[in-house]
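Read from first to last, the chains carry the letters A, B, C and D; within each, the first residue is number 1.
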């Protein structure tokens, strides 16, 4: 069993599941290879890495200096990043959920025009033009504030979330909504009591994806923020992006330390969305 | 699909419009500006500076006859068809995880799927570049050991005539024009898209346990279970992933840029429309023309998405 | 594996100020400020100053109309409507009072419009306008700038065999040019044109020598002129003049990468008699 | 689907997990909020003038160098009773263009900014940056009491700021000053060298000795069975070598193609000469250049055209390659982090006496105008302009640049400043000829040349296959480049008419102004030169059969 990721090696009790586990572990071996590389490189000094890139060092001479450097580099930025990422993700998912509910519930007049507006934005190729956006933020007096970051990231994440959520809401059985309507539930209540629990799994996935996007972003913070105290994680990590001689060990250690809070929040969201909510809802 | 609604009832339900207003407002203020800039600049001879000259549809006429753009669309179509088949492993992975008995394992496999997302792109590029290395790379080693290389040499000599597979010469995966597209297809083996798997899993989640018990009673084989129960239910997710894959492949060029450079590798064999747009803007300094190509690409994707919505009907 | 979102913003590095940015409202327009900004290449700001002055009737109307027309020539983005508006201003200025400063400036810039700015330039009309300007106001500094333009346009409007005659006839424009700077520019243009024509090398040498005597301020163009005199002299067989200017080039332009070649060339010239 | 017996335990477990999760997010919320208020409060208190200097050199060298300069400068001004703060803003190169352009357009630009070709085009320089010509004509006050005293600031630079980015030919003004210089050299593994050539062998000074060293290395590899390659190659390091070799073999051809008696035919002249059939890819000079490339290519890692930059560095650092050719910017990673001693020597090129390749080359190329390394410019609307300018003067003074060179370990840009020990071997060689031309004759041709370059290094008939393929592409590519240049000339001829009109009008109001006169005449001279080239190239292009 591939012990690199530290997963307990005892397999589940059921026998027929064995072939499934083997297949999954085979695929995961390839998927987790980059993660394994990241961990073993982060234990090496640049000199050791240059000589041997693949085989991890023996445990007794694992280099902890990289992690000391990483902690020192990353800690000042964690708080701001969590603040921006969490607020941004919650707002963007909430707005996307409402918009997706509108499109999925009824084919309202004018709905197809609105949908094409969203679609056009999603398909427009990468001509994201920072300059007018910057002028807009300046005009709104939001320069050098974290809220500017949040608003921009919310706008950015909307289209993808609506596109995905609409499909899922349309899949929900219609009689659920009719039943709720009979009891006089308003659209808002219908959304919260039926759609959110039933679509918990996809909501969890969208939460992780949009959270990840905001966690590593460093272009917007650099352009909008001026005071170093406000910088987010992405900006902190740019110091490692030396063009000529990258210090691989430090890059890997810093990315690993930077992703620990990410990891904790993933574990939490996965648990919340996968098990907690879906247990409560009525199954189809 | 959404329920049809009569004019009268729609008026009574006017409050529904309030649901979409905030999201629409957010987008119109923050995201619509860049899109407008691309449309605006595609009618100018613009070199990136302040000076722009109105040229009307000249950029578009030139793009219509541009042979390299035509070649780029051919390459991107081959990649789309390849990506179509590359969706199968993600579906298989989602189904296998879904069918596991223990809830605990399902949870931990989901977490393990998300882990690679936090790893910087640097590492994955490093691994895959080594995979294709002509002298030490595992791909060439496997082909030698399994004797497949001899087959390829025969194929090359008799059928392909590329003069790329030869005895004693390491296969130059990324430095000979004929092998660029095959390398891009092989890239990313076992082709598991964590996002795809999670979305399929979310789709499978809605299948009730009673359906499986009924199937087990009738003695349905695992594959039939997939065909008649699981696949129909996740058809909307498959269609969704199909659209996202097409958009991603048509617009995407990050991999080609990092691996082959703005010229698209030897004799521009790896040129895709997105990369050609980058090349025209940054290597040749023709930003106006790049915007025009962007417009053509946009229309192309719009048409594909429209066809996808119309003809990949999903009956519940 | 997801590539960073930044890949989508690559074009942002190339985009410029958006045309849609609305023009600034100017309460107290001032033509002088417009000229000042125009001289610093801030054409958009200068045009807004003149445009506002024109609407509010501030300052001398002819000066303001001239300012607006001159700025419209290179206002970005370049569209036909701007050029047409500029042309109407210029033609009106010329018709009303052709002989005051705005009138003379308008004639010169109308010729520039025809020669370079129009989407499809009309060189003959430009040449006639320049010639008209010289005939009426030969001594005016703006007209003196037209001299070089006339020579260039005549040179390229004739087929190659007749170009030597054009240069010959252009020589007598020298009488017209008063200050040393205009004279140096004249010699520069004549030299540049002569060296492109077979059999005119001697004329090029004479002009470059006179330009050099009038002290060329810019070190880069001075280096080119010194080297050209030496190369042309050598091609014409005037070895002493060539050696003199090669040595002058070596002494004065130590950092120039052609310096080493010239030094080796001087040594090889010593060997042959 | 949930196991029945674990019901209660897991429910309580869930509640704890949720509590931890929400707790974590809540704490971060509070910390971040108070950080926001603290910064808002503190920035109102402190009003000492801040000069921010932005650049994309994230390497340790430059950052330490600027930190040290900032310290010394703040100390120097404190003695004069002025309180100033210098802040450094390193930005990764990938997004630097993006970031800088937005800050400039938004009017939020830092006081001192590193510029590069993509930013320093004519429109942007004129609109966003201050011309420094006036200040460069006067001596640098910080040079008082040094060997550079009294010299105008511009002449104290090794290359007199003739670099493409520091001086703008179209605007006739200097816009930036450089802190350091770059040159490229051959790094070699001293241990391996001694093993191959014997302990007291001498470094190759001529091209033949260099080829002999490569052959000896190949032989050593076969004899000992170790995988040793003479030169580590990659997509990044190979172009430096290819450019050096190709421009060596076209030195004489370039002079022969001179049409304007100035020893320097422009890219445009060379492109038009090709279209007019005055030279072709089959000329002996070009073919000899290609065979030189192929010859040296054999001594590089096999399949190097596909390898990334790290691959060549790893090959060298792991002792799998004797030599690697790259810039002085790699000195830190290639000399200090190696497990073996590393030496450096300049790449010897074929000279006139070379038997095989001497016919078309003059020899050693001068690095006089190699161009400044990190050009710093002053945005027009930067606050504290005087302090920023003064800091640039301090940084490029005799003492200032010396401090910077020693701290950063890079080559100083100022003349007479001693080169730090570490980069002594990189001191630019001023003695030498002008280089010839490479086949990168304009953007379109460069793209087709890069795409076909892999053929030059193939085993089977490389020269014939490359020449045939490139000839198919060259004609169209050069035609496209030439047409685009015509449009550029027209645009440059138009560009100055509005400013000229303004300057001429100001002259008519203020007759005696000499500075105004100089500017008008110089712009007009430049404009006339452009129009001559515009009409001449137009004629030559029409004469070329499509």
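The rule is short, and it goes like this: contacts are C-beta pairs under 8 Å (C-beta built on N, C-alpha and C of every residue); 3 or more make two chains touch, one makes a residue touch a chain.
Worth saying up front: this structure is predicted, and the values here are computed from it rather than measured.
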Contact-graph distance - origin chain B, target chain C: 1
Selected interface, B-D versus A-D, where C-beta contact pairs are more numerous: A-D
Remotest chain, chain A as reference, centres from CA atoms: C
Centroid spacing, where centroids are CA-atom means, of chain A and chain C in whole angstrom: 57
Computed distance of Cα centres, chain D from chain B, in Å: 36
Distance from the mean Cα position of chain D to that of chain C, given in whole angstrom: 31
Chain C residues counted as touching two or more neighbouring chains: 1-2, 4, 6-18, 20
Multi-partner residues of chain B (at least 2 other chains): 33, 37-38, 41, 48-51, 53, 102-103, 116-117, 124, 126, 195, 209, 251, 277, 291, 294
Set of chain A residues in contact with two or more other chains: 34, 53, 126-132, 135, 156, 212, 219, 246, 267, 271, 275
Chain D to chain C touching residues, read off their complex: 94-95, 97-98, 101-102, 105, 118, 123, 126-127, 159-160, 162, 169, 172, 255, 259-264, 362, 366, 368-369, 430-435, 490, 493-495, 497-499, 501-508, 517-518, 520-522, 524-525, 528-529, 531-532, 535-536, 539
Contacting residues of chain A [partner chain B, same complex]: 5, 7, 12-14, 16-17, 20-21, 23-24, 27-28, 30-35, 37-38, 41, 53, 95-96, 98-99, 101-109, 111, 114, 117-129, 132-133, 136, 151-152, 154-156, 158-159, 162-164, 167-168, 170-171, 174, 186-187, 198-199, 201-202, 204-205, 208-209, 212, 246, 251-252, 255, 259, 262-263, 266-267, 270-271, 274-275, 278, 283-284
Of chain C, residues touching chain D in the complex: 6, 9, 12-17, 34-43, 46, 63, 66-67, 70-71, 73-75, 101, 105, 109, 112, 116-117, 141-142, 145, 148-149, 152, 156, 179, 181-182, 184-185, 188-189, 192-193, 195-196, 217-218, 220-221, 224, 227-228, 231-232, 235, 255-261, 264
Complex contacts: residues of chain A adjacent to chain D: 46-47, 50-51, 53, 78-80, 82-83, 86, 130-131, 134-135, 138, 143, 145-146, 218-219, 222-223, 226-227, 229-230, 238-239, 241-246, 261, 264-265, 267-269, 271-272, 275-276, 279
Partner chain D, residues of chain B touching it in the complex: 45, 47-51, 53, 102-103, 126, 129, 132-135, 163, 169-170, 172-176, 209, 261-268, 279, 283-285
